[in-house]
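Starting off with a structure, shown below.
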Amino acid sequence: MTDLLQLVFSGMATGSIYALAALGFTLLWQASGTVNFAQGEFVMLPAFAMLVFAKLGLPLLAAFAVTCVLAVVVLGWGFKRGIADPLLKFGLMPIVVATIGLAIAIRNGMRAGYSAEAHPFPSLFADRLFQFAGVTVSLADVGTLVLALALVLGTQAFLARTITGRAMQAVAQNTESATVLGIDVPRMVFYTFAINAVLACAAALLVTPTYLAKFDMGESLGTKAFFAAIIGGFNNSRGALLGGLIVGVCENLAAAYISPAYKDAVALVIFMAVILFKPQGLLGKKVERKV
Amino acid sequence: MSMDAAITFEGVTAGYGELMILDRLDLRAARGRITLLIGPNGAGKSTVLKTLFGLLKLRQGRIRLFGEDITGAKPRELLTQHGVAFVPQGRNLFGQLSVYENLELGGITLGTQETRARIPEVLALFPRVRERLHSAASSLSGGEQKQLEVGRALLLRPKVLLIDEPSIGLSPLVVQDVFRLLRRLADEQGVTVLMVEQNVKSALKMADDAIALEAGRLVLHKPAPQLLADPDIERLFLGGGHVPASLATP
Amino acid sequence: QAIKIANIVELSGAGATSGTNFRDGVLLAAKEINAAGGILGHRIETTTADTQSNPGVAKGLAQKAVDDNVFAVFGPVFSGSIMVSMAETKRAEIPNFTGGEAAGITKQGNPYIFRTSFTQETAMPKIARYMAGPLKAKTLALIYVNNDYGKGGRESLMKAIEPLGMKVVADISTDQNQVDFSAAVLKAKQSNADVVFVYTNEEESARALRELRKQGVTKPIVGETTLVGQKVIELAGEAGNGAVAHVGLTVDAPVPAMRAFRAKFEKEYRYIPDHNGIKGYTGVYLLKAAIEKAGKPDRKAVVQALHGLKVSAAKEPGVILDVAVDNNGDLDRESFLVEVRNGKQEIREVLPALSKK
Amino acid sequence: MSRISLAIGALVMLVLLAVPPFLKNYGIYLFSYWLVFVIATMGLNLTIGYAGQKSLGHAAFFGLGAYTVAILMKAGFSFWLGLPMAMLGCFAIGLAIGFPALRVQTLYLAFATLGFNTAVWLVLRNEEWLTGGTFGINGIARPGFLGLSLDKPLAFYYFVLAVACLLALVLWKLLASPWGKAFTALRDNPIRAESLGVDTRAYTLLAFAIGAVYAGVAGALFAPLVEFIEPAPFGVGTSIMMYLMVVVGGAGYFFGPLLGAAVGVLLPEWLRFAQAWYLFFFGLAVVALMLWLPDGLLGIPERLRRRRHARDANAQRNAAAVRAEEPA
Amino acid sequence: MSPLLQVTGISKSYGAIQAVDGVSFEVMPGEIFGVIGPNGSGKTTMFNSVLGQIAPEQGRIALKGRDITGLSPVELNRRGVGRTFQTLQVFGKMSVRDNLLVAAQEHRGTLLSRMFAPGDSGLGAKADALIAQFRIGDVAHRKAGELSYGQQKLVDIAMAFMSDPDLVLLDEPCAGVNPALVGGISTLLKELNRTRRASFVVIEHNMDFVMDLCHRILVMVEGRVMALGTPGEIRANKQVLDAYLGN
């Protein structure tokens, strides 16, 4: 029983990492109708930026703040101007491929230009362990989980409850109509990518101590996040959290009780089960009425 | 025509990519009046409205609004600085958002407070829409959606209203209501209306002027009553939408 | 006339870290040799190409090397890739130095393949002896990475412990890039084995060590070279202390030549090399020794010279440790039993080369 | 086909026939490798480009083809048995993989296929008794054909070329038949298609199955080309690359895969001069290509055609206007 | 004479909204049947239920005496039922002519034989005739998605007639269509009705069109049938005037 609890809890800790990365996916989908296959790299870059700033002597949180600003400019504004603006109107395919290309470029640029090594990353939380009902948990695990929860709920509330959030969704659903209504489309698109950039920084801050700063950390992180977002429901931010936790926990349970070698198939199996009765993901909204 | 012109096209050439639909088009719509834009399918009526509202780039020519040059102005500027509102053809809602949220976004240039205060006014005009206030916009019926769209534009209390075939999908009673409403706006508030309609007969009855387009060119511009009174009017409807020579404005 | 060396390694994809280390080792050695006047007066010319950790690409690159008529090929490191590319070099009779440790490579009867390190089959018996001896272990929990490296090691380990009466009671596969080791560690813990044997790549080793500590596993933690690498110690922090491993090549070996190498490498590339860096470096010096023994840069003669070649570090400091090549192209040299103490590798024992036993 | 595209086709054919004998082994190998990917992406172009089914699991079929041939050949059977088996197997599994597509679309479908690919890859990696696991299968012989040995790189290249041409012809025919329009209709508006009697279910499944067969054949050629297979080249990464190739070449353009596979396979090789940075430049090149031609490389002729049509239409309009202005 | 289409008591609700509430009617062979009603009265929902686009919660639908409740749109089309949509539904990236060709090709031969059939399935002449009839000749080779609203509407309608269906359900065919062509559509329907005894069910808000064309008219209000009768009867019905037609 304690073993089971231990597994579940560790799974939740990993799951909240997936959720953080997945949050970016759902945000971009809801607010710009795009999928960013470089999402993992968007986490990797800030991780290295923070390392560099930390090396220059900044404390971790200050490094985080500076990185956020930088990310908003580069990953937010730069991405919008360079990729989103010219490609958004052509639908999903070109932007998906452009971000795949971008991911390859970022990953290999980092490798060639900086380092092919894994670098340790300081944790926001003290390295402390607790015993809790026989389960060992680290402060970092709990902290990540709590912060992930807060970020997910915050993003969700922003999108659903503020007029800006809804305007962002409106742009994604029908850009031309949004223009006609006088919604400042470029600004909404910028907000979307700026928020995404800040979320990526937050994710980097929380996941890198476990993932380690490495040029290819984004690859597996991005894939897992995509899984999580799909299972939870792509058009819902809370879905990202639910999906992340489910994938994290189930993977762990499968590794322990079924077959470690096949644990990566778990996400697929859950997904297949989910689409049998909810093709739009667990928390996804059904897109109504097509005719 | 000596009337005070609200909208003026001066030799406007515009279209989609390389394909030019409007060809050195000159066109005027008078202030405080309802101008009806008619023509066969594909004549370029919607293109006129889209160009005017800054959604299409001009290749040539100028557009003036109350004398002021607005060539190349963005929709947002037209909305906020010139009081122009536009109801495009087809469906233009945010399907996954609720009816109320759609209305709120309609007033995004007004500010939330102001918008919320005005929403009940609009809902009073369209009771069907009020009943479905918290449903997703995409779940509404075709006509209900159109009503919502018209309401969303009226929310802005525009000085100039561009409206593209409002009658599509609306039931006869509602069409009457909308036409009457437009008439009232023009008469009482001096709103300039430029309206495209295929429902020509009833539209002519409520409009002040009529403009006919064919293949991107203006072929007729007359006061609506004069046109209605013309004995040749039936030929306008039977001749494939083409304006018979007897009706055309030289 | 220059001696052309083609460096065909994993610079991207799963093997990027290993490949980069190997390449840098080769380049460093080539640079030094050239600075010292080359091999028998011939300069070394290197080209580097990335296999993307993909055997299909590796094959093409090997063909390109053959087309370019290079003198020798270095790499790839991944066993799958070397299996493919060495068929090409064999056909063209070009000596090929690999970083691969899978036992099968030298069992194909290819006279042109040479290793730059131990195979898992020579390494595993050494560590098995340690577990059976000082640790008196009867059972072990094995956490391995599910790739050719991990699987190969697992097979060799099984073979090595069998005659010693040890048994694997928990056989736990993990993934490359795995982040969460809680299930794996839990399984190991539940098995209550005498020893936990960890055989994964560096970063995963660090994560496993942390998780082992977190779950309070007190059994001895044993492994191979990668478990106690400098990188692992850096990444695992305190959790690394106490881990014991057999290390074929380590920059922490208490040998002056190794210290010198480490310093040079770090100065040049600004990171601490792992065993693959040493492999690439010593590999080139092995080639140098062979050419010098053959007396001329002639491939056939060099290949002949390589079989049965013995190089002492005293004569050729570039090989760092005394080394012998057998007729299959396998290597033999002394190795170390290392324990991590206070965040540092400490040599517990120097294990003699097999031939000196 | 217009005269220009016929001429271009003939020129390409000429290059493909005449140039390789002048190349060294590496060049020939690259050409063969490229053709293998052309075959695979031709199939994917049908699934994605024509039928609009977002598939991110094409490499799974590629792998199934390769392993079927390799395993059968290791068991002593001929390549010529392995090939049809691979095609048949891929067709059947492709049909099965079409079923999720009947329930879910776009991203969810992309995930379902991606998950399928992961599952296949896990089986290839873990079922060592069958697939050799991570050690792979070594020494896959190149087949003979009517007594001719295809062992030499050039001979095998021409063999791959012949297969590619044959498959291209079949696809061409298929797309020119009513099927082609049915696939496109399915992509553009499945609801309207249904109401016109287009059996979207059947065509969805077929789009996957036929695409899978092409991947299977490509895999079956890949195995003897490299003479060694292991699970790595058949993972999700390759599927994503194949998707990239289709889109970069021009999804829904017949010759798109030719260019797309060139970008995916040959471009990185050309960029090798950039040393450690070559994949960085490759990634940037892909981004730049998309920015320049969002419809893919074959969007260029289409652009030119549109421009011509627009000019004609404008001229026509002007002429008509001038006529109208003249007094009768 | 037995009815061609028989709809018995179909209902469909969305949460609290009863979109269609126990609607029954019959369409006779060779009849042109109108459906009118205020916005949101459930006309389109009723169509979609009949056509297998959505599943009705209750009720039965029969075609030529055979139960077709729950059959898929594909199956219905195979049985000779065509339709148009209220919202624009064309194949946006295909040319107008291809739109028409694909609209009937599935009625020729079998799946397998179509693989070897010529590209236009021998339907070219027919498509060209309809293109001329709907005056979309000058855009016949343009992509359907790039046409004006009315032009797309015309393509949609033309598609429904490509396969010579026995019964066509048209949802607001005249919306956005130029008056001259509205007359054209009316003529076409009448002619098909006369020569082929084809039947039509038409939802339309254009009263001139409906009154002139239809043999019988069904009025729906709030999901229910309010009246059913000849145009004369409907025009005289006080209730209908109040609810729908106005003065």
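The first chain written gets the first letter, and so on, giving A, B, C, D and E; residue counts start at 1 in each chain.
Keep in mind that, in the parts below, contacts are C-beta pairs under 8 Å (C-beta built on N, C-alpha and C of every residue); 3 or more make two chains touch, one makes a residue touch a chain.
By chain, UniProt protein names: A, D = Branched-chain amino acid ABC transporter permease; B, E = ABC transporter ATP-binding protein.
These numbers were taken from a predicted model, which means no experiment stands behind them.
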Chain B to chain C, fewest steps along touching chains: 2
Most remote chain, CA-based centroid, reference being chain D: B
Most remote chain, CA-based centroid, reference being chain E: C
Distance between the centres, which are taken as Cα means, of chain B and chain A, whole angstrom: 44
Centre distance in Å when chain B and chain D are each reduced to the mean of their C-alpha atoms: 48
Euclidean distance of C-alpha centroids - chain A vs chain C, Å: 36
Chain A-chain D separation of Cα centroids, rounded to whole Å: 31
Where chain E touches two or more other chains at once, by residue number: 44, 53, 85-87, 89
Junction residues of chain D, two or more chains touched: 125-126, 191, 275-276, 278-279, 309
Sites on chain B at which at least two other chains make contact: 139
Chain B residues touching chain E - in the complex, by the definition given at the top: 16, 39-42, 46, 89-91, 128, 132, 135, 139-144, 146-147, 165, 167-176, 198-201, 237-242
Residues of chain A defined as touching chain D within the complex: 29, 35, 37, 82-83, 86-87, 90, 92-98, 100-109, 111-113, 223, 226-227, 230, 234, 261-262, 264-265, 267-268, 271-272, 275-276, 279-281, 290-291
Of chain C, residues touching chain D in the complex: 11-14, 48-50, 52-56, 59-61, 63-64, 66-67, 79-80, 83-84, 87, 102, 104, 146-148, 150-152
Contact footprint of chain B on chain A as seen in their complex: 163, 166-167, 169-170, 173-174, 176-184, 235, 285, 287-289
Chain A-touching residues of chain D, taken from the complex the two chains share: 100, 103-104, 106-108, 111-112, 114-116, 118-119, 122, 125-126, 191, 236, 240, 243-244, 247-248, 251, 275-287, 289-291, 294-295
